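Provided herewith is a single structure, encoded as structure tokens, for subsequent inquiry.
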């Protein structure tokens, strides 16, 4: 028997639930790209990106996904053969490093693990060894959607400073921007990038890059530039140059509306909302974990992200549970990927998510645990409710 | 602090959550009303109404709300001055009776109460007294959205038959059709009516009437007809006659899509879904009621409807709780109306509602009870989950 | 070979082309009907109706089509057996008179014809004969969509005044409001009504009635009231009373947006736009008529409406031409109905219509006349362009 | 006085009018990217691209605009320092050549002019001179939206073959695919690319590349690859690899629907429709040109494209005319760009365009010419109508 027929949710770590207002904003005719209101939309979006990245630097909009933004960040600032240091803590920094190799860079991995955040001390240590400053850039993700880890960007910056290293500091905020505090300028990040489809509540298809003055300087001598991603061209006076060609109008309408929604709520308020919903989720998982089968993927409590909670579970259980919540309850939760593929679930609480959606999702999971006889401590939802009652 | 920013729900007893597919179906240009695909839409809708009312009788579509359908039922079948018997069990049968008075009928109320269903024995008794068969029609609602009561239509029919009374039996299924079993022909209902905006998952603005052969017969001598509601005209050969003028095209597209969704799920399956979600709600309310403040409005357990649960609560509590679930959690629950106005809440679980929406709503209420220090037994959501785990 | 694949238009006299903004306005979730923003929408709509009808009188919104508004106008103001005078000039005043008969009124027709407007002198003459003031109401349409006639409401009012007759003056503006000047108060109209789906650019399903103080007075003693249409109830303090039940929310969103569009353009500017487009159409028809087969239905030039031009054409020609413009060119033009059914076409230029749509439609018709070898004077589109070049 | 208030059109050479069905297809929630219906959408789109390019080769979908596809074509097949030959005939082949320079290629221009197509004989001559086969690739556009030229791809292929040259033949069909015949395999094209927002009737944001076996072979040794555009990665087994990251779901829904519409009409029928509408446009321009001020940009009649007609006009006239058609009539026509910037207009007739839209646009232009006293021969629309009457 299915109880699925109602509004279905997508509680996976991207793409996320797109607000109705955002979808509605896309449902309109194409407009002229040389004059008229689209130019205001562009100006608004570029400006809002500064606020959301917390930077005075330049911002860029790409018709591309996050992987396209990876390329844009690297190709605009580096030279062929440059060495970069990739800070491992799950899947996505490694992926970015692989992209760098394709582009003609040398990627060195600072080894990490899937269940922990990057240790600032190890970064500092490695940089101190780099006496010749051969490392041109340091790549890290703020949140890894595969492992669920949160890396402490401010602390990593301090480690770089402690080592006195001049490398560009590049941060992928795809799974965190809009969900958790990020302070590009205050934290000394040189290049930050993100995508439209997670905390920013839009359909996928846009990605964004922000560059500090130091990155601008590096750009001048970069020799990996491609026409489509080139910052210099995109700083040109014509509107179409901002996009190197035809602007992706409908996705821009969507993004404009999403920014209006985000700043109507307030960016700090959105961070706070994510913090509360994430902790409620962790309370539920904590209760369930008492059954001995369910557990957090990230072993360090402080390093569990506020945008996604990755939960370890035996393989069949994970698959059965995800099928149950989707087909019986109406909510899709994420499966695990990469080296923990099939060994857990990912509960996303990022973007356009409120208390009723989150508590409904946790309830569906607890119902599934019970119905499917997966060993678990009871009272997960109760623990989430109790926590919120105190924290609100 | 608000956790509202996400998909907001409307868990009030009408209008209900409109499926995205239904909204999308309305988002299209107007079309010709004399020829082309709209004629197929009309044929489809009239036919599906037979299935949803479970009748071989004629069906009618009105651009009107449920009150318009009340008039249509009465004016097409009765004569000025006719006496009707109104079976009280909340607010809406009385309202229908008031409409009858405006139309020039005499309405007699069979007294009932807001916390109980209509008793078949009392109906039978009253009809036995009507030796001259002065009562032309009997009016009842299957579910009253104000009190939350469910009336046993089959049992009432038996009472009429036991009394051997010839009155037309008219049933308002506005708050029940698509949610709970209704068998127009099998139960001997002469006129049934409903609206688009509750179990049928559409925007408000359409209402529907079905007529048995006995009602058709009565129609022949009815003298309260109005042009707009007249069945005879609407049975004419031209397409526009089906609507007595311009068809409400966009609402028809919506209704067509909603019927496709309902029958894709299966009508019986939809009834079963409502039964499970309603009982889960009652389990939660039952747990909360142990605090001594929360209670069911309907005292008879068997007469609590599967489309809405009406809960008694002190006045300030009710108002505070509704405000909390809406502004902090993102779900609007109903207030009480009529003689219990301000004295409770109405939790709707009708139409396009799945497990995650319902459990999220119950969680939000329980969070509100806790946060607002409203005395209540804990574990309401847990009880709902436990019930569903067994019942699924 | 078809050249149809593009945006298709509906140039029929209702429903008309719905602006994208209006369709988009409907594409949203249902909301609470007891509190919140819907109450503002209602207030806005009722107020805007005063502006569009040009009245200080009360306005009413019905979930119903124009035929429902006919009933509402009659039932709220008249008594059983009252005599009404119907001013014939096509199909629709007669239809309203038939509705009156169903409601229990006596309808007398002031005979007219399908090719002329109502003559004020004949009205005055008939009223002078009514020495006992037996006529309670006079019914007329401002524009008849079947014949294409425009009646001079101000002149008819003068005729009534000249006869010193006290009857209520009721005007159906379904096919004219928003398209041509209408001045309810200045012209002494007692009851005016219209629908949503023509000049007001909305989907069908709503109709509107405005009442003068004299009509309000008549309402007090009216005995044909029905619950659903009753003005007294709808003037009650509760929001739901404005609609006698659940408000048709999505259609209200649409209407609100349409009013915003209309008043952003400016009501007088919209009238002017219709005047220019209508005359351009008449210039084209005038040119085509030189072939001896095409002709205006309305013989009096001054009485041709600015919302629809009805053109006479032999039966096969009309059918072939309509099929050609639709299937080859992408524009649906209207067929004729009633006593001239099949004998012509109706070119609507009402509501959301601009120069490119109108000229494209005229071009498609001229292409059809040529391709189908229907005898016609050439240069119709050229004449339209020449006219607009001078008139703009 | 403005007659603008109605459906506004965008008759510019991209983005074009997006069908309502396509916009509606995007108006839906995001879905899972790892499993479920999105995988079918991807398979469908990749397969349809083969049909629309007329190839058995591999097809690729990029979240990017056409400039992104330029990079993808070059970087996947060439080596740093390779020489390419750019066939000039307007703006866009030159732009592609500039992109090639950024990527590290040497671009040689085969000079052409803005008013003529590329001459096959000159290409053959140049290739015969390239005795060492230093030219690795030949770049050309089928239609240049800036000049309005159409290049004869089949004839250019023959010239290459006549010279016996092994260079890759790369064709930009951004402004022609779906509008004019293109036969990738039959004509021996090695890499073809296009965008979503012109003949393919979608919002901008997607671009497409197709590769022949010869291009696949070249890919193996290409050393300009970037991670995001790399064909090898995109041929991987996982769904996300097809997009190198998150698929642009909503644009894919749009593209799927657009392909359904295109193939429902029939690709050849769509070509034929464009041919007829384009010739009708040229007939109108021909008539107007008799005034001595208006003229075709392309001097060779056979080389005027069927997707856009570029018209020369003095600077003030062009600007005034475009403003008039937009603000008075409701249709936006294109301005000229590049070296003829400000010196004319571009009338697009590409994608979702039917007879009524095209004839309405031509009428608006003729009205503008007349109203603004721009010298012109009269009867342009008449000439278009006369032509279509014969040609249909």
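A, B, C and D are the chain letters, set down in written order, and residue numbers restart from 1 in every chain.
Simple rule for what comes next: a residue touches a chain if its C-beta (ideal position, glycine included) is under 8 Å from a C-beta of that chain, and two chains touch if they have at least 3 such contacts.
Because the structure is predicted, anything quoted here is derived from the model rather than measured.
The set of chains in contact with subunit A as well as subunit C comprises B, D. If you compare B-D with B-C, the chain pair joined by more contacting C-beta pairs is B-C.
Taking the CA centroid of subunit D as reference, the farthest chain centroid is that of B.
If you average the Cα atoms of subunit A and of subunit B, the two centres end up 45 Å apart.
Averaged C-alpha coordinates give centres for subunit B and subunit C that are 35 Å from one another.
Subunit B and subunit D have Cα centroids separated by 55 Å. Residue positions of subunit D touching 2 or more other chains, listed in rising order: 8, 17, 20, 24, 27-29.
Residue ranges on subunit D touching subunit C, taken from their complex, read 1-9, 17, 19-20, 27, 261, 265, 269-270, 272-273, 276-277, 325, 328-331, 352-364, 366-367, 370-371, 378-379, 381-382, 384-386, 388-389, 392. The touching residues of subunit C, counted against subunit A in their complex, run 20, 24, 27-29. Residues of subunit C touching subunit B in their complex: 8, 10, 12, 14-18, 23-24, 26-34, 62-68, 70-71, 75, 98-100, 102-103, 195, 197, 203-205, 225-228, 230, 243-251, 332, 335, 337.
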